[in-house]
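The two complexes that follow have chain A in common; it is paired with chain B in the first and with chain C in the second.
Now for the complex of A and B:
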């Protein structure tokens, strides 16, 4: 390891903290903390090192298009000159952070368009499959699909954001045996072929969820983005045990039966989030392997961030583009493709962990799927911690039932009014009344979902749909029902209390407070994430 | 007798203003208010009787005066020195327990014929407040000749007195006067059936106005702002459908009324209606009742009242800075609601506001709003407590004179 890079990436592992263990880096929003964990009863789960990317990604893409998986013809055989073709692609929530150019979507879409052009297809629409997320800006679309594709399609109105509230642009195609209405983008529904271009960052993504969620609206989403579903998704990162995915798979069947033909292209990336070299590279190295220079630059960065105004910090972090590399690409029939994709995600992310813990600690970074170029507001803190991070398990939750989750994040009482208008109201009105997901769903969801102003902002500005903060809260419902207490270290006290959690000034204080719930000398597990990992808990 | 007297003293008034800005109620210690042993002046006339206060409330307008924040508007309308105190339950010399209706109209001023408002029973609108047999003073508590409730005795005209039923406690009785203000505000609001009403403020006036709205109007929704948890609880108990924090009221009214919003930031971004900030509403509430009376509360009121809606100013405003463009553009009505008089009821009959206030106090058990009482000697503590009542979980602070020795002197 002459320059800190290994010939073969090492798998993730679990460190038992002893007296020789150095302080561990905790992400803390737009900053970092070095924390000493109690020896003899603490462990740290480290992610695997980044897998090597495919040496010829463009060649691999073309190969996948010509050699599909499952019951599917090669892409050229599916194309004909007089057809309607719709290419849908993952939105700004993937990958995180945004990746360096060229984005994988650009590579795939350019390859698809080349083949479509060879087949003489000229009725092509490109749609950002954002469901109820905010619309992508021109810059974000250019970054995702590349300037060449953007300039060829967007000015003609052929590249655009999905609009789930367009009364003329949505259609209901049927209902699942469970009574779930399947609403779908009308252009996609009327197309002879829908090609879906996916970037699979975590195991939750992809499969039928790409289209059954990405190209639908509230009419469908309310059937699986709800408290009941989330309580029965253990976890939603594990498709076989996820009611969320079961619903999407049922809806996928309805789409297929309604004649919607989907050619699914899924890709996976490694977890090279901060770079093997460069200013943030130490964040994906193990602390005891840091060089003196890395240690010095980390401390300098940490101190600098402490005095830097928050807006500047946000701006600085938002410019970071991850050097992700594509580790696999597969195309063809949705379910067959997704099986291979999931295996590739697990290959990068899964870390075997023996047994649960009394206390799960996590340091939340500056970004989550819903605050790209925005602010991580308190609701998103809850969602990232208790939704995403808590659910990054297979088998059993990392923390035992009745245990404690300790989150490190500044949790500011701050919102981006352009992106998250209904979040502000959710925080001010709903959480002031109750934090119980079931009560929230029953009492408030419909009103927010149907609020005309939110719908106006979703359709015409860059706002998440009015109902979106509810989904963020439901995302944490499983964790809320499972754990005995949630403590946030270093957060805005009022905001933390509004979330229904307990504030603590330091990790030591939080551990002491946790003792009231889990007893003395509890076991502690720190989920060292990102770079991404998923605990395979036995 | 023992009395708190307010003298005309400009330097002390300025000192009170400064001290009041530094700490709530700070004006009581350095301002023109002094506790003194004085001789009771002669009665202003034959129809005047002596009242020995039992409880005398401290009102927001009293606090503005003591803390040097009252408007110069009142200078010609008062006569110095005066003893504050217009929320009073007391005893007559024959031990009849009475509540004072403090407005000094034509009858008490011995002016005949009376002015037109007084003839109509609208004493609060009396056109002769500085004339007649009395020194200037819009109410007992601002007139030198009458004295006021913050003393062991004062003079009241027989027309100002309401006998207190035996089953009504002193605490309930001392709330009748501010309750009458709330009742009058509710009638002035002219709330449409099934309409939406916002009450800004959950101090004494806000809570009493809320209760009066519940008693005398039929809105679909009443939203109240409350800064402190205890205020929230009381507002809910008195019938508010929704309670929100003052700095969240614009968003709350938007949600309540289904309005869209206009954002000032959106204009700067050339994105006029597409920023999710809520600076003002496209629609809004039918009626907003401002029980605070500050620049901020009036600005909020104009941001959340629907076009052609009504804003009722109940809280005493003093000098405010206000952008009036929305008043013009949205054709808003801005009206004041001062004291009380006679109200026209829904069935076409009329009633004295005070009679309605007695009913209101009884119906909602409003004596519970009296949170703490002080003897006159501790007037500085009382003023400080009243000036920070909300943050200390209190509503109405009053002087308790029932144990004052001077009260029993002939």
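Now for the complex of A and C:
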């Protein structure tokens, strides 16, 4: 009954661990661990239960298109037969895990195209706004936009991946007052209207970042995907305190001044990541509310995962499609839309937390934005833990300055050579030299960013851009400068040491090692994530 | 002791029954009296309730999922599109489809997604499928058919369908009223639209392409061909909409789906909004020109393949 759809979803909360508290489920890559936290000084932050989805998502989308917010006309009034229309959409990194069909992008794009068809628009391009991410495969594109849209546009070359290294496909539109060059997809720049279709999973997504990052290239990204920006983004999940977003907003203004007209459509999803029913439903329930069936299936899953080869486990988890539901949709002028979107993201994610902690523990799942249908390599482990999870706060970081972060993840010394070729060299060459983000940026970034082979693989294969592993490392720069030590539990010892972190076999060992940094009897906070939450730390 | 031969025992039994007389036996018809025709509950009167009870449902479900699905995959190689459009629908619906062939029903019964597939009744012509007791029983058992009057106006069919919708059953109706006589569709009748308005349930337009090459009207042996079943967005009657107007909207929706299957979704939407979707019923021209206008969709010539010319 606890998660019944007819009851109002309960907000997130903080559990103070005592003698009666059960062991807590930690995500551990393609597996799970049950960990007993020390009593009396530990707490667990639980996410809110999933909000109810909109009862009529298609009706809500149409309503949003016809009733835009901010300084924007309704979509039909922006369309005319002889115009150039470009529809850009979020790439495979959203949402996580991929959602069940129909994907929200499909719903929105079909609604937009239906109105465009009514207006008689002929010249339409659809672009996956992937910046320097890997290209999406046909299957991934079909999943995102649906077969109908794919079959209508892709065979004619009208639905494609953004190519930030196409010399004829990119254009520089100007510079911000801070001297940041604004490079943009040429087709989008020359269009009479750019419609951006977004899925907001976390507060970092959306706003001007959609276009000013998604449809740009290294010329622009180097101005905000750097160590300085990351150190001044506290956190990058909190737009008002994020230098990353400030830069994107400045670039958004340059785009507007250059005449690029953007109609932004943003959507938010609930955090129904593992389903209210089904084989993984226990992962989004509080441990003491598991039914007998859920306990039995968890035990069976644990035993099964123990004997399964890693590749098979990856395959099994990658088939999981989240039953996310849309909780809001808004369209119109970028900034006005994003205000509403952020409020809806916070409505689902924010959990009030009092005070910081000495030790922050986190169990990392099998997926992050950059290993969909791929391998979570050690650099991505660092990025997910110290980049994304560490930054899931508003106010102050969950862990105090000089505190310890303990991550639970197998951290295998494994890379997908097709998706992450430059990661391999980054790990072997760069991290073997130094793990200091500032030094790495100065000494190595340019060489990797301009490497012809990486550019070739980015453009023609399915590889992340050569500079991408640097950005992953910078993503954790704020955490690296903030905490005193990072310990990884259950990881490949060599890989963990290469990252500059300390390996530990068990959580108990890790807590003992952390004691050297934070002193005896430290306070411990566990971020029970996913389903996603964001700590509102006072 | 000698045993009595079997034939002798049967003869004795007959003789005993013969002596019992009425009421143990039927009374003989008096000479010169014309007995009335036995009342046979057939056509629209046929009671199909037994076919919706669990034993019949289990038999039907196993036949649909094994024999029917296998035969359809071999004969029709179906491609099923647009089932995602039903993702927001909850509860019973009315499926309306164009109708070319006897293959349409099994194709749809194996294509309609869960949870509707095994809780759908098929509106079948009472005068055709329910003309004999055996035919009625087979239609009710195999495709869960209910009799629909198409030659006269009556409330019985509509009431039965409405009751079933209220009970949570979905209904599959071919609003053209029969299979296409020439490869083109026929105008939609108002029955499905009326039912949709009366029960306030969504109506799902479905377009079937390719079954006219499998078993079109007048043919008795099926040929193999690829088919496409395209499900459309569920439609609800608008406030104050009449059955005739709703039926036209349904026909246009099915026509647009046909356009989508023949070209692509974007072109179909453009033509639908411009009002230039190719109609289901074809051009209003002479018979041979209609057949001509079918193009590739028309009847294939059945010229015998001769490997070596006859000299």
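Things worth noting here:
Here is the rule we use: the second predicted complex is superposed on the first by the 533 of 538 C-alpha atoms of A that agree within 3 Å, B and C clash if a C-alpha of one lies under 4 Å from a C-alpha of the other, contacts with A are read in each partner's own complex, and residues count from 1 in each chain.
The rule we apply is simple: a contact is a pair of C-beta atoms (placed from the backbone, for glycine too) under 8 Å apart; a residue touches a chain by one contact, two chains touch by 3 or more.
Computed from a prediction, not measured in an experiment: that's the story for all the values here.
Superimposing the complexes on chain A yields a three-chain arrangement in which chain B and chain C fit side by side. When both complexes are overlaid on chain A, the residue A:37 reaches neither chain B nor chain C. Annotation: apex chain A, arms to chain B and chain C, angle 120° (C-alpha centres, rounded to a multiple of 10). Of the two partner chains placed around the shared chain by superposition, neither chain B nor chain C is touched by A:215. In the superposed model, A:149 lies in contact with chain C only, and not with chain B.
When the two complexes are overlaid on their common chain A, residue A:96 makes contact with neither chain B nor chain C. Of the two partner chains, chain C is the only one that A:113 touches; chain B does not reach it. Of the two partner chains placed by superposition, only chain B is touched by A:461; chain C is not.
For the pair chain B and chain C, the least inter-chain C-alpha distance in the overlaid model is 28 Å.
Applying the stated touch rule to the two superposed structures, the chain B and chain C interfaces on chain A have no residue in common. Chain A meets chain C in the complex at residues 56-58, 101-102, 106, 110, 113-114, 117-118, 120, 122, 124, 146-149, 151-153. The part of chain C that touches chain A in the complex is made up of residues 81-82, 84, 87-88, 233, 260, 264-267, 269-270, 272-274. Per the touch definition, chain B reaches chain A in the complex via residues 244-245, 248, 251-252, 254-255, 258-261, 263, 265, 271, 273-277. Taken together, the chain A residues at the contact with chain B in this complex read 417-422, 424-425, 428-429, 447, 451-453, 456-457, 460-463.
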